């Protein structure tokens, strides 16, 4: 199924960027848990466009409506359907693009796949699809909190600027969502420069899960690494993922990267909290490569549906750097993946954790 | 299901490193295709241990037996079960490790997950599990060949040595499986140095699919990027994956990385042949981070099952660099992923390609 | 996943009887097909309560809203989410039942499963959940029509009254939805008698698919019989299913029940259009046993949540015989099952049919 | 996946009737359970051909080999692959049938599906595929026994002869596997008469699970009824299934069939131990309609591959009534279905049962 993620905590999103609504059905949320709408809305507000000068100025209130699965504020164990109406969808912005395949966008590949075209703002390929993921992620966080697991994240690189610190409390205090206040300022400059040049810039988002006990994740095909990899690479505009030491380990030796467990804790964490595909009790650490946003104002050559090329300047309202808004989405996908792994491990061992 | 991969071309592996056998069931192989045992054996021979001084000296003939799904050399459309007996399993090599959790290995996390311990050479977590993947990959290659799709791969980095060329014909001519003859020699030196130091070294494997038409891969949750990410990160010892430009795009601008289609071809391939999760007709390019092998001869501190730590020196017969043997496995997982995506697209569009 | 059906044409329903809404997400609808809202609404109107004196008098307009997946009346290939608001949900009818487990209902088993209770009219176990199935079935019909497949159905038994004729055009002309006009009148009498006695009565619904080509359905575990069996037994209040000759074959010999194919057609259809789990080109014929409705006005003994029993008289507004309203639901599940099998066969053979 | 059953206790069978072997992979068996090969072999022996004059005289030792997943007699939690070699496969028996579609058999539908033909004894459609199911069922029984659940079954109807008693201890004492000694004798006569007439006869198999706690089974699409329905209708030669009161309820009223729970037990069991798709603590009761065996010696008209018809007399060695051998298969599918539901419920509630 192309629109579902997870085996026991199953998240199915729906909705096009400029259709009536976007939303999600979460099947598998454990019963008897208290869920407040504010818990969901708060996460959606983090993802929402128009939060700062660094993001798109599209205005969407993104108010969530819960259609099922809750009774008197408690989960029933039944599917939880959630809906967000599209209100500020200026489809006319896109009329000029009707017969053009925008470079870097999914216009051409979607058309080749389906043989039909929804030219209104990317349709299903739009980042707006992630609204459903974030709403589902909010539920996953509620579930994980019952076993003491939490997820944090932030932008750790923009262009050549890298965060050194990992002060997670700092993340919501700067518009870049960087866990390093000093680096955040320089990242903001890089983003502003890109925006002023009618261009965009890439970056890296890091997500960390704390409190994950040893034993989550399935070996071989459903390794926790593999599930997190799929989760992250299913987010629009991501083109790489690494766990723990990641690509940096390629230049190292085993005597450095073998994480030694001293009977109480791991002395290093090159495995990113996962060994053999199974969590080992250390922090689960994932980094995601975010490409420069494909919607840019600069003139670009683009193929047309009838053949030949043309020059386009994408108007619309777009993000010069997607990282700040990818943060809550990546956190959500991490939470969803872990909730699924948790339920799997309950099935295997029958224990609470 | 922890041991299955794919939705329509479904690969289920089984077997422990030192049990009676390892194998695989492939369900979904299209009917009416000619398959020769040699096609499967040849790929297994590439994965086989003991091929050169750079790999483990464990001797396994790895002769495949096909148990079902073929009749007169033709696929029936029914499940194809394949079996390889374990013959050179010196389990006694591992008796000393019975109550020790080897650093970097999955010993500890497996024990926490299942509550039981198979200490014989890693059991299910062993790289030997990949025998089934390579046998399945051989079938996927046969299927893909009918629509003109082929997969190649090689080691493109070992330690600090990077391949510049991509001469795929060169790969089987050097023991590192590097597509750059000159770099291969220096990589071999780095591996030999690690081996002589009773240590191991990491690297990067690149896999490329040629001939993939536009339209394969599902959007949102089952993006081709996501499926390839899961495929690669399910291979033992991998800790990162990137598609096309990958992490390198983080330092670039959209005006550079937006792949322009001129109506006939893409002028660049930062997307790695995939846009919006769907293939766009360019080469599909994936790179995989391979950590240094966790089995090393150097003395290491290790936790024991009863508490406290001890010092171990892993004897056994191990690979100082896993990259050369990961190459056929990564190619196989790429082929399996694409075969699945191909069948999905046939379901959606009903066409041959 | 408890709320999803199908592998390639995937139907996920959500919603409780007395919550804000019920609905469905259909993932896998082929792209490029024309869908009119009327096509969906017409089927929902057939399922709707309050259609005649023989059904519940609960009044629900059951207006469908399509939230995604359609653009300019054409399917995009993306998930189609559909919503029906609950408007006439008199939850207060159920306050008296808050701590009582109604006999025959799912009250007790749901409570044992989830540990929480939604006492408002059956919650998720209510027949109202089938709104989503019927909306999805309407889409499945559109898809199947493109390859010449249609589904009909009707009530063929109520109490001891059996239909002899199979005049499918007759079905919508009588409130029992019986394909035999004469039997329909007697069935209506039986239902009225049950209603007047504050009781309910059981029956049998038959569903037939015409135009199904040979080759649909997968052997062994996913036989078309098995998928239809699951589809039908997932409908509330069903407790049996038979294909073709069904239970009647138990008293026959192979020389009678072996369907002979004369090179052009089958001379008999004891297999119900399926051999070895695969369609053979004959009509696919399924019959479903529908138990008497569990909501009855007669005084009944019921266990209470605190222990012990009490006597209850269920007020509410209920169906004395569910068969007439099961007909569109069973047709929908047949259509959904066949749409899924059709797409599976396209994946396997690559052909249009 | 056509060859897999279950979501958490996943059973994948492989093998053709006259190929090298048949077998199964069971993924999801809980770790730490003691399994003896005899536990598996004993069930296979019950299914084995040649047990009495009432069954086929094909001689197969059906010795099982366990290839993985066990270590020192204990389950590891990893996939358990099991293999049975085909030894008495007289494929030449079938040469005459190479270009003929046997009536009632899956020859024609398989050929239409796959476009290739395995004429050797039904190939994948053969009852021999159930070897894997029975081996998997033996494991499911071991798992269920840890929570006090057991499965029994027997032939309760052959032709017009019905069992009245349900003396399950009697089942293995008569060749019909009937839980009613007196009826068993008359059933044996009916089967012998059919055999002597070179014909076959149908029947009904009943399977009962005892000790199932309330709360197993998922609502809506994965109701326990639906999963059992799919499980039973996936067995070759079955064409109907009913739960509890089944089709018999069609002639009754709700005031009779509403199972009253008196706070300790259910006074009746028309629901067959399931309400709303979830077990309620009563015995789970399922009956399966078994058609007359399609392989009969009597002359029959059969279509040929080149067009037109011919007359055939099937030689081979066949069962005049399949019920006695369906019993262990139906029990196995019941056990597999319940093991899966048990693990699902552990995931949902985290409890041991």
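Descriptive notes on the structure:
Letters A, B, C and D name the chains as they come in the text, with residue numbers starting at 1 for each one.
Throughout what follows, a contact is a pair of C-beta atoms (placed from the backbone, for glycine too) under 8 Å apart; a residue touches a chain by one contact, two chains touch by 3 or more.
None of the values given here were measured: they were computed from a predicted structure.
Annotation of chain B and chain C: jointly contacted by A, D, touch as defined at the top.
Set against the Cα centre of chain B, the chain with the most distant centre is C. Put simply, the C-alpha centre of chain A and that of chain D have 45 angstrom between them. Per-chain Cα centroids separate chain C from chain D by 26 Å. With centres taken as mean Cα positions, chain D sits 38 Å from chain B.
Across the assembly, chain B contributes residues 1-4, 7, 13, 28, 31, 77-78, 113-115, 124, 219, 344, 348-349 that each touch 2 or more other chains.
On the side of chain C, the complex with chain A involves touching residues 1-4, 7, 10, 12-16, 19-23, 25, 27-28, 31-32, 65-71, 74-81, 83, 113-116, 118, 120, 123-124.
By the touch rule above, chain A contacts chain B in their complex via residues 1-5, 7, 11, 13, 101, 103-106, 108-110, 112-115, 124-125, 129, 157-160, 194, 197, 199-204, 213-223, 225-234, 236, 238-247, 249-263, 270-272, 274-281, 289-296, 298, 300-304, 307-309, 345, 348-349. Residue ranges on chain C touching chain B, taken from their complex, read 7-8, 28, 30-31, 77-78, 219, 343-344, 346-352.
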